[in-house]
């Protein structure tokens, strides 16, 4: 009996159309993320082995985008300010997506957005350049919330130890900053980019353009887990951390949310979202610069390049779920019809799971962890039903190219 | 009196002409040979085909495109992308190309330059160098701007010339697809130490950029975005319309009829007219 | 029908494409016996001096035979095809076929100060007036070479016409004609419409 971690489906099945497998985790409220992922859901494949994301892509083709844009304009007309105050909030860090969202809202749709940034854990040089160009060339007011570094280091380290999830503090902080800033500046409209349903979260979500409330509010502190630990545990074990330090990573409490008429929308519901085209838009309008070398683990240079920990994040996903960054990128391009499945498979074979050695030393130094400890951790988090220990190290049992040890 | 060539650079992925920014992004613009034909009819000096994904997928189907092109286009044609050894070069030349360009294969095995020059003649071999600026230095990249080699461009260019290359193609990755102008500092650095012809590539946006690059030492100018987007302004007239039902690749730009900003409205003929005022001699 | 002598070069493809476009049939000659069957012949040439000379000599074509072919038939020799008709070349130690009593020298030794090889479109200036061919040569053609035929006074026995090209301070013979044969340093098959017209004129002479 081979053990299966994280409540994952025992049998590994790949989507017939893209290169994702049923091991892909669906987004859950990050502040409810525990080690065993008790209530976690994974990418659903139907009886023909077509995944929800591909199904969603097909639906996307039939959408009347003109109608959707009209809906957007109606929405914006309601909120557009006439006195120069901010009428919407666009969270982001100067990546191609936030550039596209903020720029198009301001210059095409004549809104007055405030942008807000939860800065990357460790900025890359070119990432920071892009951020500056976003603000200076694009022309936006920006609130950057620089977090308590001591606490962030601790939580990041704990997240790696307990969940092998280096990116959790960033995800928590970034998602939860926007409603708080909106609150403080009296802005009632927040715009995110793509709806996560595009990537295989339950379809039901998608028909509404407003983000699921459960991501944004919580009832009581008892239901909160950070870095895999209950809040109480963190406060007890690490006395230098105060409750106020934790609040930074939490969403609004339900009561606060009810008091405001806060609307959170996906721009991707109203405008057809084509990631490659957002890259061109950002390059043309804000001189967005791609990374000066191929991102390790995948083939492109322009997606998610501003945080040195980002590469590691995708690598840990590969360890836990057998799906690397290339699998994600190429599946998305297959759905957008920019690549065909044969090409995607070839790319996955070439790049998936490539170890991101460019920044690893710096990252481990930052959180004060030795390489040995990190590698051991990785191995502890490999689910046996996905990984086989061979003479040459760990190998995947199943791959989309059918060259796993058990294929 | 300066002798200059204008070269149309066509990046190819599978059946499509594509164009990125800083060598990333594979936005499709149409069929390569219909663009090549349009440029030939409009007085282009040479055509340069770059297979941008050959090193990713280990496949070379650009030869079919070239075979088709050479039946009705009678100016020099260069093939580049994914040529790994003398056999690949031979295949490329047999498909109808007059010249080939090497990048990745040459950096991995510089001896290949000597062998190719000796077997096929120096004037058949162009060495392509893709550059990104790091502080004061320029460093060379391979695999269509993806892989970092750490090799310094100036030294590599010197070596390439001494090994028998016929021409050098210098691409500024930083400027590619931006329309901000060629990297004239880079061109000058190369022309200071190189005596074989230099083809500058990356950044053409206005006709003024051309004369600047020539004054900094370029013997030929390879242009992509500026030519392609201008050609698309009159799709029907220029015979560049596609069968919309049979498209593979990122055709969202074409479908949406999006516009572009950073390139001046110029044709090859208008650019040549402008350059002739400066006593530049071309086809 | 035009016969194309197959040497070790690769550009028979281009020249064949040109003639196909002009609706003229072509045939590859790789056997000496076939040369006599053709009135019109192309000697294409990309590559270097020695290998080409060697490979033609290997077809048992001698100096006298080359002269005979050039004077009595209608031959069009291209690029290196022009150079091998000369006495010798700085590029190699083989002797040329000597129809043109001049030497082929590296462009540097011909006082060229610009980038070498000479790559690009350039013009040809005819030495003697010739109303028939003038209009076809008063155009730009595509050159790609590092060596050129020196433009010094011809010593003997060549009564035809010739044309000069200038590049970066160097002057070299870029065109030679005698009766119905001609030889060019430039590549008509790569010179767009101008080249096609010249080839067509040659065929219909």
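Order of writing sets the chain letters: A, B and C. Residues in each chain are counted from 1.
FYI, a residue touches a chain if its C-beta (ideal position, glycine included) is under 8 Å from a C-beta of that chain, and two chains touch if they have at least 3 such contacts.
Everything numeric here is computed off the predicted structure, so don't read it as measured data.
Can you identify the chain nearest the overall CA centroid, using each chain's own CA centroid?
Of the chains present, the most centrally placed is B.
Using only Cα atoms to place each chain's centre, name the chain farthest from chain A.
Measuring from the centre of chain A, the most distant chain centre belongs to C.
Taking the mean of the C-alpha atoms as each chain's centre, how many Å separate chain A from chain C?
That gives a centre separation of 65 Å.
List the centre-to-centre spacing of chain B and chain C in whole Å, with centres computed as mean CA coordinates.
One centre to the other, that is 29 Å.
From the mean C-alpha coordinate of chain A to that of chain B, what's the distance rounded to whole Å?
Taking the mean C-alpha position of each chain, the two centres sit 37 Å apart.
With touch defined as at the start, can you tell me which chain C residues reach chain B in the complex?
10-11, 13-14, 17-18, 20-21, 46-48, 114-122, 140, 142, 144-146, 167-168, 187, 189-193, 195-196
Could you pull out which chain B residues touch chain A in their complex?
Of all residues in chain B, those touching chain A are 21-22, 24-27, 53, 56-58, 132, 134, 141, 143, 145-148, 173-174, 177-178, 247-250, 252-253, 258, 260-262.
If you look only at chain B, which of its residues touch chain C in the complex?
Per the stated touch rule, the residues are 3-5, 40, 43, 45, 70-72, 74-76, 90, 93-96, 98, 120-124, 166-167, 195-198, 219-220, 281-283.
Help me check something: in the complex, which residues belonging to chain A touch chain B?
The touching residues are 272, 274, 276-277, 279-280, 283-285, 287, 289-290, 292-294, 299-302, 336-338, 340, 343, 346-347, 350.
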